[in-house]
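Have a look at these structures, which come just after this line.
Both of the next two complexes hold chain A, though its partner changes from chain B to chain C.
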Partner chain A sequence: MSATSYIERYQSIANELPGYNLPWLNAVRQLASGSFEATGFPSPREEEWKYTNVTALEKKLFAPSSISTPSTIDKEWLETHVLADTWTLVMVDGYFDSKLSDLVGLTDKVIATGIAEALQSHPDRVKALLGTTLEKESHGFLAFNTAYFSDGAFIEIPANVKLQKPLQILHISTRNEALANTRSLVGLGRNAEAKLIETFIGLPNISYLTAAVTEIHLAENAVLDHYKLQVETDKAYHFGGVYVKQDKTSHFYQHNLSFGGLLARNEIHAELATAAECEMNGLFLAKNRQHVDNHTLIHHVEPHGISRETYRGVLADRARGVFQGRIVVHPQAQKTSAEMNNRNLLLSEDAEIDAKPQLEILADDVKCSHGVAVGQLAAESIFYLVSRGVDRETAKNMLTFAFANEMVEKIGLDSLRNKVQDHLLNIFPQTGIRRDWL
Partner chain B sequence: MLKIENLHVRVEDKPILKGISLHIKPGEVHAIMGPNGSGKSTLSHVLAGRDGYEVTAGTVIYKGKNLLDMPPEERAREGVFLAFQYPVEIPGVSNVYLLKAALNAVRKHRGLPELDAFDFLQMIKAKTKLVEMDEKFLYRAVNEGFSGGEKKRNEILQMAVLEPSLCILDETDSGLDIDALKIVSDGVNSLRSADRSFILVTHYQRLLDYIKPDQVHVLAQGRIVKTGDASLALELEERGYGWIDQTMGEAA
Partner chain C sequence: MSATAQTIEKLISQEYKQGFVTDLETDTIPPGLSEDVIRIISAKKDEPDWMLQWRLEAYRHWLTMTDPRWAYVDYARIDYQSISYYSAPKQKEGPKSLDEVDPKVLETYNKLGIPIYEQEFLAGVAVDAVFDSVSVATTFKDKLKEAGVIFCSMSEAIREHPELVKQYLGSVVPTGDNFFAALNAAVFSDGSFVFIPKGVRCPMELSTYFRINAANTGQFERTLIIAEEGSHVSYLEGCTAPMRDENQLHAAVVELVALDNAQIKYSTVQNWYPGDEEGKGGIYNFVTKRGECRGVNSKISWTQVETGSAITWKYPSCVLKGDNSIGEFYSVALTNHRQQADTGTKMIHIGKNTRSTIISKGISAGKAQNSYRGLVKVLKSAENARNHTQCDSLLIGDRCGAHTFPYIEVKQPSAVVEHEATTSKISEDQLFFCQQRGLSAEDAVSMIVNGFCKEVFKELPMEFAVEAQALLGISLEGSVG
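For the complex of A and B:
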């Protein structure tokens, strides 16, 4: 019923979808469309979606934007979200906008463009990457995304190239009731190094759906720092998945910062080959009636892999949070070292968290640990601050900020760290914390 | 400065303090000694306003005001400072940030403007020298990963910055080696003044080798059982707390 309505809407713009003239891509899209038609969006009956109900999407029926009706974007507003000293790829309502993007000075060895454009200029490169990280994945959102992505970023960094500046993909939604459905592909060759920031924002007060899937392939010894900053509007629905395939001795450092959205689901999945390293850091903040779900999955499929996962959540008012962290150590993956930690702070009696760590260890010579904690602010810490003259409310806010800020401090990129701290201070304006003191 | 009259305090249903009276004049240093479980720490916590203590009788008048009516932050702003026996680690809040927030809260209460960044930093740097603390500690999270001695020095640093009128040191000497004890004591001594009073809560006499008290009170089973000058501490050291129990036994 509902899936059908989305499918109908897309059929009317099928000829606008990138690569519609490429038989191989059409086949991929048709398969996905069939799968989406059969399942619809994920349902809470599915184990991996147990805590997050997206049936509202089916009632809302967000409409895909058309590329033929470009939005005008206030440059000043946009600038506040662009990180200094980066190359930027801007997506507006699901379409790459080359005019708003800035790739000046980027070496021509690197391909960085929209996927629609890449399908024309480098169709074989797109074909080589598309879907390669999704072999173990299946759910309605992914099928939906594959069937109907309107555009996305295509970034390929060849072997031995180290990017001098970070790349930022800015996903912007500008229309009420609209849907932005993007697929981004990122490939790093052997020994390549890059920093990539994906920022998700929307114009104030609008309601919309973001469905963004990023596939990342890291060849041997490649190093990628990936930051996801999700600051959608408080009426937005966000599905954002990042799927990573790591060849041997590659490094993937991920920071998942999820602050916005009425309902947000972040998936970060990685598969590690021999001696690959993966770090996943997450911070999620929610208040009022926000719902934020973080679903992480790490497959150790070969020996000597290292994964470190640290997630923190702060939930206020009637907000609801989910942390599902799964680590699978496959039988061949001896000498794996995996650590997972999740701590959650509940600021109100009505706030809720479902925290579910899962370790599946099928090899016998491994070092794995996990820990989960849910709690309130410590009374002795509050008293300590209060006994120094700080009022109780400020003391609580300071401690909350500190709890979150410890994750923010892990961000190695100064410009992003400052921006994230600004967001943090905006979300909890009563922290009594002043920007210039930090 | 401080007048405690007939103070009775319960924790849950257990009476801990059973009628404490204590008068402290400006500029005086009073030592409160006693065996474990005598109620020393309870007294310091009640004065600082910690939750979980029920005052069942008695009064505490501080600078003419009812101290027990004030929430802890107001006590701090009025000039009461508790140096904790176990200073709390606050990951994510830097020392300098806490100092600034606390100092501004106190200054605001006193009708003073906030210090600008330059004056604040100058002041803080001067105070760190007082406790022989490396400036890099200012930018570290409050007490996180500090050694026992560093934590206690940090308490004295906060005290020096906030310039309280009544300083309560709760077993500040516990867990300190001789060098750290000397640094902490020097810090305290440099803060002594005609309008600032101290309560030193301690189990051992050795702190009093460095900070000379005007009066020594011996607390046992929730009561002050003996009061004397500095020589009382030496006598206690020599004869042990068993001697007090004996005295009490005789009195009973």
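For the complex of A and C:
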């Protein structure tokens, strides 16, 4: 098993991993490392990884970057990825970079820093949050991440604090053949409110692995808008998991925008307490030989929870898209309302979509539904546009754009929405569209 | 609501009416499975050597396999050495006519309401009755012969029509297809064989009635239906078993082959003994059913009403090879008490313009678990393939579960695939509406459940609708309250 080569590499830099001097953290890492050694990266034999094969990772052997050799990043290039009017935390190759980050004006009450730093300054806060959302989870990537995370963001917003500006975590990869392994922890106290954007980018043309796990804990009544914008390079491998634990009446609105990466796996899992609300919106576009796998899981463990899930996929060329959505309604979770919807557009002969929407319902007084559709652009719609003088290619682009844009319009953040729409217009070029119409 | 609760209680406590045991002398081989046992079975059935070899090959393959654990069902491991693989009512020679069949067996079928006596028959359904391991009677043979239809037991087919059996047996479900199919191939004892020649529309409904009677036996039957070019057949299947405390295994294989323009309609009313309220006893129903639309414009339609069995593990599937072929799956699965069902279908679209429809209705009551598991796969070659899937679940009581596990794999951009699923309980509004108009809680629920299943019931042939409705009376209403 070549997982061992990863383990060996990490053992050699064990003393660089944050919190190596903390016995409790070492114990957690040891346990995870043992479990990773036993299982390796997930295999397609595992039901939840049925459609995604990551054996390439074991062959490629990405090397963990070391903090002692910092990269230089072109400021101008960086600026294009920073959203206007946000506080930013920048991770470079898996390490928090305080010089590139911008937290000016953020209230003292909020902790927003790298996890390595937080382990120094607030070790008990980290201990209280680490791993709490992963109790129901287990697979090779999570064990790998727990065992060897090099850094990540630590954000704690105390009760009753409402952030005035969105927070952006910018994950940047700068080295070829390198791997960035981050664990981010986000905690919102009672009635706290925030908007959080996680962006994943890499320097052009490099191949690398991102393994990013974000744990989010929402206390009673907290509200979090979470956006994940994954625009890795087209040679990158991306594993990104977001695991959320929602206390009662909390709200979690998630937007998962997955456009980049050669192979990308997005996991968004949430566990809902009484009357919590969860919304998951997803848009994935893949072309050439891209493979994108979206895995969502919602546990309704207490009554009156509400979840709404809408995913759309557009697959072109030889791309393969996967949507696996699972809703589990536990026996106590009466009066749950859960909806899941997934629509996919196949644009080429060689594209493929695999969808696996699952409902597991163990309570009777519930309303649950799911729907999946796979199809192509309606011939009538294309004809309509062509008959009005639009050329066929543009007509198709317009319709595809419209299909995807319905998801983009749900984004409540102007700066991000514009950025995503620009991105879409690049992929589906169309003449005559006026930017200000959107 | 207490009225409804009471009704539920009352109906749930309905007993299984087919649970009697027929006391008769049987020829049963001792429990255990080995190559020798397979040789004995084969010898008892007077089979040619190629058949024995086929069985042994399946058995050797089976030894290398492990039983599937992915289904949403929970049961103790089965000890395959404690099962007897062959049991037959004792008789000197194979019955030449009905008069020679043991009267006790006939009585059993009469009790079950299965018309073996042709003269008693109005609608005209040809019945093949399978008792434990062997086929005891097949009716209307002569009339079918006139039309050129072969309808007989599998053992007879192996003797009389070896060329057809050789050509088609295992061609849809290969011996090593899955654990239970391999086991079945090794030890299958009987089953029905149907051959509809070119251009023939089978003059009557064909039906097989399966009855498990002996204790500690497994029933392994194998059904093969071949519809040649332009032919048409409708086939019905029913099953019951006595009430016993221990679990019994039923691992059947059904293969359907439809050539150009042929149509096969396969209906099942499955009412094996489901076990008692505490989940003690009952049949493990592990069945592999698959139809292949080999020819253009062919059609295979599965309709099933699954009310019995402690565990149901069954996925009647269609392989849509021929261009323009059609696959259909209509299912009502009811689980009550501690029953567990993991059932659904597979639609594999290979040919151009292939279409499939899946309508699945799951009803879960008591402490039962009911899962729909389905695969819709559209291969690259299946241009303009079309699928519509609808699976709805109804929950009755707060301790049961209903689950949906659809798999959708599409490699063809011109395909249109839709999947919809809902899960809910009977709405208070609907109940109130009915009761307020003078219906009792029981009738109201029964009406709503009937409406819920209507889409599937209307697919059942007339002759079976009666039985299905009677079953609804016992099991469906029963569980729904």
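Following the convention adopted for this analysis, the second predicted complex is superposed on the first by the 429 of 438 C-alpha atoms of A that agree within 3 Å, B and C clash if a C-alpha of one lies under 4 Å from a C-alpha of the other, contacts with A are read in each partner's own complex, and residues count from 1 in each chain.
Rule of thumb we're sticking to: a contact is a pair of C-beta atoms (placed from the backbone, for glycine too) under 8 Å apart; a residue touches a chain by one contact, two chains touch by 3 or more.
This one's a predicted model, so the numbers in the text were calculated from it and none came from an experiment.
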Item to check | Which of chain B and chain C A:R392 touches, first, second, both or neither | outcome: first
Checklist entry - Once the shared chain is lined up, is A:P331 touching chain B (first), chain C (second), both, or neither of them? => result second
Next on the checklist: For A:R289, using the defined touch cut-off, is the partner it touches chain B, chain C, both, or neither? Pick first, second, both or neither.
Outcome noted: neither
Checklist entry - Where does A:F403 make contact in the superposed view: on chain B (first), on chain C (second), on both, or on neither? => result first
Next on the checklist: Once chain A of both complexes is superposed, is A:K162 in touch with chain B (first), chain C (second), both, or neither?
Outcome noted: neither
Next on the checklist: With both complexes overlaid on chain A, does A:K136 touch chain B (first), chain C (second), both or neither?
Outcome noted: neither
Checklist entry - Which holds for A:E349: it touches chain B only (first), chain C only (second), both, or neither? => result second
Checklist entry - First (chain B), second (chain C), both or neither: which does A:D364 touch? => result second
Next on the checklist: After the superposition on A, what does A:E380 contact: first (chain B), second (chain C), both or neither?
Outcome noted: first
Checklist outcome for this item: chain A residues touching chain C in their complex are 47, 331, 334, 344, 346-376
Item to check | In the complex, chain B residues that touch chain A | outcome: 48-51, 71-73, 75-77, 81-82, 84, 87-88, 90-93, 96-98, 100-103, 105-106, 109, 117, 141, 158, 162
Item to check | chain A partner contacts - residues on chain C that touch it in the complex | outcome: 70, 72, 378, 380, 393, 395-425
Next on the checklist: Show me the residue ranges of chain A that touch chain B in the complex, using the header's touch definition.
Outcome noted: 378-381, 383-392, 394, 398-399, 401-406, 409, 432-433, 436-438
